[in-house]
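Two complexes come next, and they have one chain in common, chain A, joined by chain B in the first and chain C in the second.
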Partner chain A sequence: MLASAIASGVVLGAIYALVAVGLALIFGVVKIINFAQGALLTVALYGVYLMYSHFRIDPYLTLPAVVAGMAALGYLIQTVLIDRVLNKERASQLLITFGLAMALQNGCLALFGADYHSVNTPIDSQVIHPFGVAVTVVSLVAMGGSALSVAFLYLFLRKTRVGTAIRVVAQQPDSAELAGINVRRMYALAFALGCALAGVAAVLISPMYPIQPNVGDTFGIIAFIVVVLGGLGSVTGAAASAMLIGIGQSVFATMINVQMSTAFVFLVFIVLMIVRPNGLFGRTERVA
Partner chain B sequence: MSWQRARFSRKRLGAALAVTALAGTLAACSSGSGGSGGNAVSEIRIGLIFPTTGAMAPLGVQQDNAAKLVLNWANAHGGINGAKIKIFEADSQSDPGTGATAAQQLIDQDQVQILIGSYASGIAQAIAPVAQRNKVVLWEIGAVAPTVAQPGDHFFFRTVGASPTYAMADLNFLKAYLAPKLGKPLSQVRVAVAHEDGPFGTSVADAVTTQAKAMGVNVVTDIAYSETSPDLTPVVLKLKAAKPDVLLITPLVASTSVFWQNARTQNFNVKAIIGSAGFSSSAFLQKFGAKGVQGVYDVEAPAVANMNHADLQPQVRSALATLSASFQAKYGSPCLVHCGDAVGGTYDLVTYVLPGVVKSGSVTADSVRAAALKVNVATGGTPQGFGLKLSPSTGDNSRAESVIMQWQNGKLVVVYPQALASAPPVFPMPTWSQR
Partner chain C sequence: MTDISAPPTALARPARLRGRGIADAGPVAGGLAALLLAAAAALPLLPGISFYYLQIGILVFWFAMLGTSWSVAGGYGGMHSIGNATFVGLGAYTSTLLYVDFHLTPWLGMAAGMVVAALTALLIGYPCFRFGIRGDYFALVTVALGQVAYEVANGATAITKGSQGVPVPYAATPSALDFQFGNRTQFYYVAMAIWLVTVIVAYRVRRSHFGFQLLAVRDDEIAAARGGINAPRRKLAALALSAALTASAGTFYAQFILFIDPASVFGITLSVQIVLMAVLGGMNSYLGGIVGALILVPASQYLSTTFAAHPGVDLASYGVVLVLLTIYLPYGLLGLLRHAPRWRSVIGW
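So, the complex of A and B:
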């Protein structure tokens, strides 16, 4: 039972990480708390559903289109909305992303209605038993996708010129500007990348969850916990804290009490924030 | 508790006459007679308050649409003794606080005289005090927790069966059908209970465990979980460890899909599962297909489109056929459980209560209450098959019943009690390897 609980916790952690790393990147670079990350996940899920229901495309094959669409949407959001409030009060920034979340969520409701939709893949019902624990193949795909996404992001930020420029902008935007880096463009790229990651998350979790206008809420809230616990802006910290939360929640629920498991996560979070205010994995405001 | 059909009695005769009288009045009004002489009521302002956005919207919208359909149907037939129903709508946004505010707005701004709601017990709990404080009747057609209204709230009426009727249907079915099929005496059947931890799931689970204890049924585990949990593997693992013969589970829509996927992954098999709410939703069928949901039971008020209509009174049968067909044509889905709740409850209001209110000459909470308490409809007199007799102390319909349904070949059919059954139950439920 413990092994099964750990396995399901790892899957859950991988899903949390998928949603949270995009949020961590956006905060780390643009320094804005994006309340719309959950709603963006919802939009991406509807993108998967649209292609699945209209063109009978397997959800996994929608990945390129959904990621490209979400990246474009992210770029647009940054340049049209966020850019205008970057030098304004923090409250304006928070409220604009909150308003965006409401607009996206209610837009989905208006376009698609309140019904729950679902997408299926041929591997939907396949279960394998590594080390004696039952895991669905779609969960394994989500875990693999999550690991690849985090690794890709880490390498992109560390090993490419654009990634390095993004990190420079994250750490010293004024110096970056003096060095000739187009800071606004880097912000837009980071936001686009963060939204693209929400697109990846949507594709990978689409066979696992019913799609409706509020589906992003649960993940959006937990993503904040993950990001703060990992150290605001730290992508690798977010991935690691996602795993800790996923496994902790699942083991506590299985071995102690299901109903108290979410409260347990939040209690641990509060305690850790008191002990380590900058998160489990180091200082604030860094990426990768 | 009796599931038997009532014999043709004075009560039934009275109900039939009431329906006939209403039909006659509606016909007279539609021909432009203007209603009965001395009628001071020309308009009845009714507020519909349901969660049409938010997590509860899929079924909340169904109830809102179905209630509207019945009110418009009544208007199309000349209104209530000549009085037209004016409909106002508000969205509780799946949130109790918003529901309370929206109810107050309906009362203040639109001056509604009756509220129809609320789909969910948690929301109804917030709306009921607002209605009571403002002396407006809350006509509840969906929420089932017994604690929705405060004791002494005289302006709360509920047509659908409260959660003890779910427990009663579960345990009667267990005793009459499942235990013999399992080849065990009732006391040796291992029953597991799981439920979402809101007012709905908790009230049903509490009723089940209390009644099970009284009947000597062995409840081996009782697990509460959050409806918004993204993973219910821990619940499945605990249930599996308890080795139940039968699982009684009360989720809402979102967690149903997650639970069923996790049950499949963990190869959790029991001889029978009786679910509720999410288990009767079209989303459940859509996600898992006819084979994936085959044999799963559901306890609720009946899916009116798939129940036996033979024992309904002729006028009710005819109205239900019209309303079901209109719902299907307009919204593209059959009128199942939640649509049935709204069709039944709203039909009861416009057919049995409002004529008395109009006759009284004024639409007030007191006149609605007085008319509601006079209603005495026998079994077969409402679209949901049961009767209508509202309690003066709790406002509950003492004749409301819940039924057992089962997914059979992609259709949710009523299987118990026999009088409303449109198909016999199938046992045992297929295992995951057979799906």
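So, the complex of A and C:
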């Protein structure tokens, strides 16, 4: 029982990681807490659903379109909305993404109703039994996709010129500007990347979760916890703490109490937030 | 020869710098405000007014009161809480459970709820301020606090009946002692009174020595500490007061609606709505709540009845308003007055 709890925890952690890594990137670079990350995930899920229901496209094959669409949406959100409040009151920056989340999530509710939708793929009923633990193939795909995406993001930030520029902006926006980096564009790119990752997450989880307007809530809020635990703004820290939280939550739910498992996670979060505001892995803000 | 033995009160409190508060409004604006209050009080006496409109009035006062309570911590102290529904819920559940299980009058239950909420605020605030959690980090802690409260209220079914909710039994002979009234228009006056008390408390706090210290802490915590202000303690006091005031609204809600469940009193939507009232009105002012509520409550009622067939449109428009506000009106409506010295003193910016 413990083994299967850990296995489902790892899957959960992999999904949390995808959402949280995008959030961490946005926070690290733009220095804004994106409360809309969960709602963006919902929007992307409806994107998958629309393509699936209208054109009968396999959910996995919607990946390029969803990712491109989400990246464009993210770029727009940053340039049209967030850019304008960056030098205003801190409270406005906090609230603008909250407003965005409400608008997006309830916009989905208004457009598509509260009904549950689901998408199917040929492999979604297959189960394999490595080490005697039952694991669905779709969750393995989700894990693999998550690992690949995080690795890709890490390499992108570390090895490319644009990635380096993004990291420079995260650490020293003023010096970056002096060095000739277009800071605002890097902000927009970081936001676009963060949203694109939510798009990847949406595609990977679409066969596993029913699609409805509140689907992103849990992921969005858990993603904060993950990001804070990983050290606000740290991409690798977020990935690692996502695993910890996924496994912790799953084990708690199996061993102690399902209903209280979310409360447990938040409680641990509050305590850790207060005791270690820079995250479990120490160090201050840093990307990758 | 100057009298050097005179107490230096004038020096300690330079009147011109402080302003005279609402007295600065002058007879015309002051009279107008008094007239408005009288008109609001006379609203239920209007012949043929339906309870539907009074209910909107009650909601206006309720949300205004919540917005003002939020401002005591969020506006004066810079502690932007996105979890105030926690305190609403604690107030509602404390008084209701005491009433249902022990037949304690909701008025005492209200006091108990306020104490519970204040203690919760202290519990969460003390470590936060002790370890210097502020700004975005504090907001995140309050979001998490709201989630914990919501999940616990849902999960602790033995005490709270979980998501089923708790109906408040309707007394056979409604009496004021039971916080129930045969004539439901009286709820209008109760709501108005609670709002008025909250505004007066918030105004007094703003004008007090404590209020000025709080503002100093908000604007520059390090400088305030150097000036001899115990910053964590001031913030803690403001947060506890804000929580206690907020909890009293919870009891009112329970007695008025006669039913509470975790989603309605602990939900994050309520937390956001509370912030929205204060932000639209002007979160640094004790009047921000009423200005925000006067606009947002009727607007959302209108939207939700007009688009009753399309749930989500109302809250989506709320979100859009919030986004536009933060871009075009970051200090709220009353914030437009903040550069006029006289009005600044009146609204207590």
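Worth a mention:
Methods note: the second predicted complex is superposed on the first by the 286 of 288 C-alpha atoms of A that agree within 3 Å, B and C clash if a C-alpha of one lies under 4 Å from a C-alpha of the other, contacts with A are read in each partner's own complex, and residues count from 1 in each chain.
Simple rule for what comes next: a residue touches a chain if its C-beta (ideal position, glycine included) is under 8 Å from a C-beta of that chain, and two chains touch if they have at least 3 such contacts.
Computed from a predicted structure; not experimentally measured.
When both complexes are superposed on chain A, chain B and chain C occupy overlapping space and clash. When the two structures are aligned on the shared chain, A:V11 is found in touch with chain B, with no touch to chain C. Of the two partner chains, chain B is the only one touched by A:V135; chain C is not.
Touch criterion met: A:P210 reaches chain B, while chain C stays clear of it.
Contact with neither chain B nor chain C is seen for A:T164 once the two complexes are overlaid on the shared chain. Contact with chain C, but none with chain B, is seen for A:I274 once the two complexes are overlaid on the shared chain.
In the superposed model, A:L81 makes contact with chain C only, not with chain B.
Looking at the shared chain after the overlay, A:T121 reaches neither chain B nor chain C. Judged by the touch definition given at the top, the superposed model places A:F266 against chain C, while chain B stays out of reach.
In the superposed model, A:N106 makes contact with both chain B and chain C. Chain B runs into chain C after superposition on chain A, and of the options 73-81, 253-261 or 289-297 the stretch responsible is 253-261.
Comparing the two interfaces of chain A, the one with chain B and the one with chain C have residues 106, 109, 114, 213, 259, 262 in common. Looking at the complex, you find that chain A touches chain B at residues 1, 4-5, 8, 11-12, 15, 106, 109, 113-118, 120, 125, 127, 134-136, 139, 208-210, 212-214, 217-219, 222, 250, 253-254, 258-259, 261-262.
Contacts from chain A toward chain C in the complex involve residues 33, 81, 84-85, 88-96, 98-111, 114, 213, 221, 224-225, 228, 257, 259-260, 262-263, 266-267, 269-270, 273-275, 277. Those residues of chain B whose C-beta lies close enough to touch chain A in the complex are 52-55, 57-58, 60-61, 94, 197, 223-226, 228-231, 233-235, 237-238, 241, 253-254, 257-258, 261-262, 264-267, 281-283, 286-287, 292, 435. Looking at the complex, you find that chain C touches chain A at residues 74, 80, 82, 124, 127-128, 131-133, 135-137, 139-141, 143-145, 147-148, 151-152, 154-155, 272, 275, 279, 283, 307, 310-323, 325-327, 330-331.
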